[in-house]
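In the two complexes below, chain A is the common chain; its partner is chain B in one and chain C in the other.
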Partner chain A sequence: MNRRMLVNIGLLGLLLVVLLALPYFGVSNFVLGLASTILIAAVLASSVNFLGGDGGMVSLGHGAIAAASAYAVGWASRQGLDSTTQVLLALGVTLVVSFIYGLLSMRTSGIYFLMVTLAVGMLIYGLAFRLSSVTGGENGISGIAAPGDLHEEWIYYYFVLGIFVLTTAALWVVSNSPFGASLRGLRDSESRMRSLGYNVAQYKLGAFMISGTVAGIAGLLAVWHINFVSPSSAGVERSVLLVVMVILGGIGTLLGPLIGASIVVLVENVLSSYVDRWPTALGLIFILVILFARAGVAGSVPKVLAKLRGRGPSAAPPGDRSSSKGAPAPERNHTP
Partner chain B sequence: MNTATEMAPASDPQGSGAGAPVLVIDDLGKRYGGVQAVDGISLVLEPGERFGVIGPNGAGKTTLFKMIAGDVPPTAGAVHLFGKDVTTMSTARRARMGVGRTFQISNLFRDMTVFDNVRVAARGGTSKARVFWMPQRAKDDVSERSIEALESVGLADRRNLTVANLSHGEQRQLEIAMALVGEPSILLLDEPAAGLSAVERATLKSLIENLPRTLPILLIEHDMTLALGLTDRVMCMENGRHVVTGTPAEVRDNETVREIYLGRRDKK
Partner chain C sequence: MFEPVFLAQQVLNGLSFGALLFLLASGLTLVFGLMKIVNMAHGAFYLLGGYIGVVIAGLTGNLLLAVITAVIVVAVTAFLVEVVLLRFVRGQELPEVLLTIGVSFVIADLCLAIFGGDPQNLPTSATIPGALMIGDLIYPWYRIFVIGVAIAIGIGLAFVQTKTRIGAIVRAGVDDREIISAMGVNIAWVFTGMFVVGAGLAALGGTIGSGMQSILPGVQNEVLLYALVVIIIGGLGSVTGAAVGSVLIGLIDAFAKAWIPELAYFTIFLPMALVLVLRPTGLFGRTA
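Up next, the complex of A and B:
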């Protein structure tokens, strides 16, 4: 147990060093920009992952929350407001939108939750289109500049990396907190939680607010990065891709969102320059993962390793709970 | 409140409200469409009393239980807990008033550890359960109470296992630990021995027997022997209706109860 924790912490440290050193490898701005895109997508995916992994609430509306936050920044920047105001406004809009989402969805679960978040997401998409005095309609808002030196690609990369580490750490703490345990309780049995005195809706609302806030932060990072926001960023496809990222990476795992975001963003941006049918490729990857590694990459690799180790001469170390018993159920503990 | 049952103040000095009944059910009924699942049931649970409800399958025991716990609203009558009318109160609020309960089919957090199951139960919807800014501690008040509760049901050494890896009997024990850790003022047990082997049944029986005598218990049980051995008073139900209430000996010797449990073929 302890040894495994040390290994995990070691791997996390190694990953962080690699990410920190990336600009020193002499990579082009294109690669750095791509890395930022991946990290931003990972922040957004981690918000979906938190709600889905711990809360059992799979949302199809998080793309729209991020878009609402991005629109807030865009509107503020078009009004000539400074970056602090932009951030505060984005945060305010994010909280309000998340609260609306939460209120509408807190009495639902499973597929109904998914439908409600989908519906609210489409509402935001519609608003982005129709409310053109604020959103610029179909054209969106362009020329949204990041403040200060953040327009430099490598500086922005570090900025994004910092936020990614902070939000990931924050979500890890929440997930391991008493609230996180309550949330997993809700995921496993709402009726039991009620019989223990829990106000179920309240906890769902709280979880949505936390998750939505992280999504809003990702929206802010994205709009400062690509300097542009349009209705398509609020579209259902974005939200679907987020769920794809979470499942590819491994729902309920710490690094799953990063892995899933890497796969999706790389396929979307790199593979697409070689093949036109990149969505087909993504779909194939997705089907393979669903068929052969339901727990996603981050969830399946430890299982495979454990199995390989178990086949060797030395049995699994004591205390190492081999979770291969629970066969296809996704590993929900936060192990990287 | 025209409670049909006599309200003799119990001599028990402990409990809530100086000897006032813990639970009063008054002419409670539940109708599902054309089916009268529970029909005019009244009962009074005194402080420290262990009360059993027995009856064959379909007698309405579980519906009665659900109306007491708050899962199902009655279509007639009233439920009073600790002197308060809770007929329209939610399950969660009744739980916060001090109702601990177990489920007939184990209702546990299957993907969580045994320890976390009990810790979530121990926090019971209080502000402690809303702490999101720091990780759970292995040694705070909640964790200590949880370990005590696990010790009391003999599961302390299994606490790091996931619930899915527990045996059926252990899951029943965990059910009880989760009901006890919130320090309830009344314990509702819904067929705690359902599906257990004879050995597991004996373990569970002694577990319930050794609970503090001050804790009032309402036990729903299909198995007559188990119910009669654990309770001070027993009510037998059939087809949603009250058949007889009395001491275990009285109920055991009751002609109608015998017919219900052994069949009434010779009467036809």
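Up next, the complex of A and C:
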């Protein structure tokens, strides 16, 4: 166990060094921009991952939370407000939106949770689309500039990298706190936690607020990066892609969101210039992963390695959480 | 704004859109009731059915032939999806839903590849010409025909569910799938059958609906969301709920689009949010 932890920490350190050194490899601005896009997507995916992995609540509405935050920045910049105000406004809008999501979804779980988040996300999409006096309607808001110090591509890359490391670390801390343990308890059996005296709805609301805040930060990063926000950023496709990222990477794993975001963004941006049918490719990859590698890349690779070394799969690989909670009627299992 | 002709027109708009929603939502809710799957590929089945219907209707000018072809093609597709893919994740709530999302990606993208991205409609030769005229009120017969189809399907579903052996098996499967399989019914094939029927209803909606609203890439998500809202309001698994929800959402949507177009989208989610807060199982849903 100790050796495994050392290996993991070593790998994380190596990854961080590579990410830090990326601008020094003499890569073009396009590659750096792509790397920033991946990191931003990874921040957003990690917010979905936290809620899905620890809380067992898979959200199909997180794209819209990020979009709401991005719209707040866009609106503020169009009013000529400075970047501090933009950040504060984005944070405020994010908190309010996450609170609404949380209130509507805190009494639901599983499929119902998924549909409620989907519907609230569509509501935000609808508002972005129709409330054109604030959101610019179908054209969205363009010309949203990042603060002056962040204009250079490589500086922005480091800024995004810093935020990515911070949010990932913060989510790791929360996940390993007593709060995180209670969330996993809720995921595994809500009725037991309730009978132990936990206020289930309150915990779910809290988890949603944390996750939503991270999603809002990702929205802020995205809008400063591409200087533009439109209704499609709040659409279902975005939120679905986030879940695809999380599952591809390995739900409930630390680096799953980064791996998943890399795959999806690369397929979307690189493969799409060679193949017209990238949604088909993505859909097929997704189907294959669900059928054969439910634990995702980050969850399956250690298992395969362990198998190659002749050991059986470890007792509770992190990625297997998703499969254990899918029983048709978990509430019915009275006997342990 | 409140002239009787205008009101009647909006009521008819709402009812015909509600009829289309019922064709979609009834399939979705039946599949959910029995299999506990929210089929996210339902919109993609609608899209595929719509495209095939438009193409066949364009070739032959015969609406019935178009509907039959679309239903058969989509039913075969759904059969393959169920037998080849869904059976491997049976009983695992989340993987099932995610799998249908993947299927939806693939079907929608292949539709784009085959049929192109332009909006398509049923050719007028295949629809029902003319309009109903009562005084100042002019309303196309075709939309009234859609209402009729939805009512017929609704009655048909209710009849099959309550009066036939197949309906009894399905109802028993909803209540307790262990007991029904212990009594010698192969529940796996009942699931497959229900999934195929649900997809067929979506295809029917797609073909008939393409005479009312264009079929184009992206429409799969829009119709899926309307259908989801309808079954959340009506109660998951309830056909009665789907009917009431469809009419409700159809009417709300029609009047909202006419009166407050800026908030038209918002207005259908408001009743849903209210239902979720006040009665999370939906108007006709059973408590879990």
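A few notes on this one:
Just so it is clear, the second predicted complex is superposed on the first by the 310 of 336 C-alpha atoms of A that agree within 3 Å, B and C clash if a C-alpha of one lies under 4 Å from a C-alpha of the other, contacts with A are read in each partner's own complex, and residues count from 1 in each chain.
What we mean here is this: a contact is a pair of C-beta atoms (placed from the backbone, for glycine too) under 8 Å apart; a residue touches a chain by one contact, two chains touch by 3 or more.
Note that the structure is predicted; figures quoted are calculated from it, not measured.
Contacts of A:D188 after superposition on the shared chain: chain B is touched, whereas chain C is not. Looking at the superposed arrangement, the partner reaching more residues of chain A, out of chain B and chain C, is C.
Shared-chain residue A:N199: touches chain B; no touch with chain C.
With both structures placed on the common chain, the touch criterion links A:F286 to chain C but leaves chain B unconnected.
In the overlay built on the shared chain, the residue A:S273 is in contact with neither chain B nor chain C. When the shared chain is aligned, chain B comes close enough to touch A:N176, but chain C does not. In the superposition on the C-alpha atoms of chain A, the part of chain A touched by chain B in one complex and by chain C in the other spans residues 323, 325-326.
Residue ranges of chain A in contact with chain B, taken from their complex: 173-174, 176-182, 184-185, 187-189, 191-200, 203, 206, 210, 321, 323, 325-326, 329, 332. Contact residues on chain A toward chain C in their complex (touch as defined above): 58, 104, 107-108, 110-112, 114-116, 118-120, 122-123, 125-127, 129-132, 235-237, 240, 243-244, 247, 276-277, 279-280, 282-284, 286-287, 290-291, 294, 322-323, 325-328, 331. Put simply, chain B touches chain A in their complex at residues 69, 71, 90-93, 95-96, 101, 103, 107-112, 116-117, 119-121, 123-126, 128-136, 142, 160-162, 164-165, 178, 182.
On the chain C side of its complex with chain A, the touching residues are 36, 38, 85, 88-89, 91-99, 101-106, 108-110, 113, 221, 225, 228-229, 232, 261-266, 269, 272-273, 276-277, 280, 288.
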